[in-house]
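Given below, in the form of structure tokens, are the structures.
Presented sequentially are two complexes of subunit A, the first with subunit B as partner and the second with subunit C.
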Partner chain A sequence: MATEVLWWIFAVAIVVTSAGVVLSGSVIHSAIWLILSLAGIGAMYLFLTVEFLALVQFLIYGGAVTVLILLALMLTRMGAGGKPDRVTGGQAPFAALVGAGLFVVLFGVVIGTDWGDVPDAPSNIPIEAISDVLFREFGAPFVIASVLLLVALVGAIILARQEEGD
Partner chain B sequence: MSSLPFADPIFGIPSWLDIIVRVIVAALVLTVIVIYATYGERKLLGRFQQRLGPMKTGPWGLWQGVADAVKLVGKEDIRPNNADRWVFEFAPYLTFIPIFVTLVTLPVAQEWGIRNLSLGLFFVFAVMGLNIVGIVMAGLGSGNKYALLGGVRAAAQMISYEIPLVISLLSVTMVAGTLDLNLIAAMQSLSPDEGQHAPFIALQPLAFLIFFTAMLSELHRAPFDIPVAESEVVGGYFVEYSGIRWSMFQLAEYASLFAWAIFGSVVFLGGWAVPGPDTFNLGSWWGPDWAWHAAFTIVKALLWFVVIVWIRATVPRLRIDQLMNFCWKVLLPLSLVQFLMTGFAVVYEWPEWVMAITSAAGAAVLIAIIIRRALRKPKNTLVGSYRRAQVPVQ
Partner chain C sequence: MVPMENYLILSAIVFSLGVYGVLARRNAVLVLMSVELMLNAVSLNFIAFATYLDPDRILGAIFAVFVITVAAAEVGLALAIVIRLFRSRSTSNVDEAAILKW
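What follows is the complex of A and B.
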């Protein structure tokens, strides 16, 4: 019962903070709303008793990704107080079209999917089970994903060095 | 090994009330610790610099921290005109809350703590990392270029040093086979029983050194204090804060110092574990078990604190390029070496002394690199030519 109440509180909070990302006037405020929204999703994972996923959400999205966004924002050209340029007339109709189209597609998929009942929803998965699956059953995809990340890292370094003129 | 949960609800009260009581007690204890940590640091720094430190307020200046706290609460809370209002006002809370949340799972004694989490070690650094957000917000929201510079420096530094920090912790967890902080502390008791190890500082000195260095950087303590360097960015990301909000940052700094100290002493020094075999039971000799456990943890955490202050008083501040080079070119490769060595030792079940010796060799390499870098003559940089210009003419 208490969990359900908390779940609804966080559900409302996620919707409100997500609306804040879209509606706030400055990019920095959007980024901060995004942090709160992602942290709310992490809390949702806690209610679903998948603690590991919740902590990964906090670490990767709350800590790293949003700080990356904030750092990228610092490098963009902003007026005083973080006020961005408004979307100018030429772009606005296309932005509205893309936004509305994405909304229709997502809404249609959500309505159209038969969610059904999941009788054996996973709960309280021990970390050992996760690591067994990750490193034994899906070992090869894991290694390939890490190679992909390594390539991205090396590529980023090469690009940065070229800009420096080395 | 069976799980070691913290004590059942105290005084038989319902569990929701129990957790509230525990959180309040932790918050109060933390405040007192922070007040006396500032006092202790000033005293220690004074001794390192051959002066007495605070002496006037109360006997040996013992009330100095309390007086400072009262002064800070009464101070005017100034918000700059061009600050981004809500970002500015919430940044101190977002800096402090993650650190307070990590206290949930730190085991002070076998049965003392708020809740024992099976993912405790992961929980601590996942949540502790969130306070970057508050620091960056403070930098962005203050409407001050120095604060912005401090925030950018802090973010770059903390994200970079988090990588070797986490890899060195991974090496420990590979040997421990668990992320439960209480179990990690329990297995470092030097006893010859099954599943018991020497403290991980002896087993993996390289991982310990990397963890300690990266932790100093996460805390913005000297020699990694460029985000808050007075002579470069005035005060760093909290330059515009005053009064109670400034003291929130101060609280966050010292609270994270102690959280890291307890965390580090649990992971590497054995935390509350009493060294020696199980039969060597201090509780049966004198006093309750939990008091001995808590005493061991507190002594280790205080040792940690003294070493941190000692380093602050001894080592000069690094330049930003030295700082980044040290992280990415020295700490990260060495932490990967430690990771690989531990992996081989665990998979092929090599005896533990092999792990200890290889890791000690790695630690020696790290110390040699640090000494070499410290003694290296500056290249033909502005610093170098400046130094040459200072050589007295005959």
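What follows is the complex of A and C.
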């Protein structure tokens, strides 16, 4: 019972913070809402008993990605004299329509589908099982993913480098 | 305990909010943040299915690991492009960077 109450608190927090990300008028506030939202989703992984992914979520998203985003925001601020930029375009009503329509469709699908024999509680996923599958059956994709990260790293350095006469 | 549909609906809400953000925002970094929301919603879905429905219980978690990997690479590259764009055109708004459009 306590778990359920806690779950609802986190669910509401995730919805509120996600709405903060897309509705906030200030880019920095959006980034801070994003940190909270990603942490909330990490807590959801804990409810789903996948501790490994919760850890990865807190480390990579809460730590690395949001710091990167905050740095990019700092580097791309307009000059001090300029008035703050409008962050939402005039197409926002149509975007809201598309978002709401998509949610209605997804909600209908989730409610309308017969999921079959769903157990009441999630089953535990031990870390050892994840590593077993990741390093045996998914060994090749794992290596390819590491090459992808290396290529992205080099590409980001080359793209962001200050060139002569740039 | 919490039924699986709750996770699916929560993830649908977050995904829809992300779609709204991608379409409505002007600042490229804000668009990127909304993409992160969408990716997280998908990961949550994968893991909910993995823990409730998959008899092996693993594949969804593996997929989520790869989603996080690709998302990290994507953020790094996209922010480099945004910084490059800002340096050459003094703006990070996607609607002002329309030189590829004709």
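Please note the rule applied: the second predicted complex is superposed on the first by the 114 of 166 C-alpha atoms of A that agree within 3 Å, B and C clash if a C-alpha of one lies under 4 Å from a C-alpha of the other, contacts with A are read in each partner's own complex, and residues count from 1 in each chain.
The rule is short, and it goes like this: a residue touches a chain if its C-beta (ideal position, glycine included) is under 8 Å from a C-beta of that chain, and two chains touch if they have at least 3 such contacts.
Given the structure is predicted, the values throughout are model-derived calculations rather than measurements.
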{"item": "Touch count on subunit A, higher of subunit B and subunit C", "value": "C"}
{"item": "Touched partner set for A:106, first subunit B, second subunit C, both or neither", "value": "second"}
{"item": "Which of subunit B and subunit C A:131 touches, first, second, both or neither", "value": "neither"}
{"item": "Partner chain(s) touched by A:35 [first = subunit B, second = subunit C, both, neither]", "value": "first"}
{"item": "Partner chain in contact with A:55 - subunit B first, subunit C second, else both or neither", "value": "first"}
{"item": "Which of subunit B and subunit C A:14 touches, first, second, both or neither", "value": "second"}
{"item": "Intersection of subunit A interface sets (partners subunit B, subunit C)", "value": "52, 56, 64, 71, 73"}
{"item": "Residue ranges of subunit B in contact with subunit A within the complex", "value": "16, 82, 84, 86-87, 117-119, 122-123, 125-127, 129-130, 132-133, 136-137, 140-141, 143, 148, 152, 155-156, 159, 162, 179"}
{"item": "Subunit A to subunit B touching residues, read off their complex", "value": "2, 26, 28-29, 32, 35, 39, 51-52, 55-56, 58-59, 62-64, 66-67, 70-71, 73-74, 80-82, 126-127"}
{"item": "Parts of subunit C lying in touch with subunit A, wherever the complex brings them together", "value": "1-10, 12-27, 29-30, 32-34, 36-37, 40, 43-44, 47-48, 50-53, 57-59, 61-62, 64-66, 68-77, 79-84, 86-88, 90, 92-93, 95"}
{"item": "Partner subunit C, residues of subunit A touching it in the complex", "value": "3-4, 7, 11, 14-15, 18-19, 21-22, 27, 30-31, 34, 37-38, 41, 44-45, 47-50, 52-53, 56-57, 60-61, 64-65, 68-69, 71-73, 75-76, 78, 85-89, 91-92, 94-96, 98-100, 102-103, 106-107, 110-111, 115-116, 118-125, 129-130, 133-134, 138, 141, 145, 148-149, 151-153, 155-157, 159-160, 162, 166"}
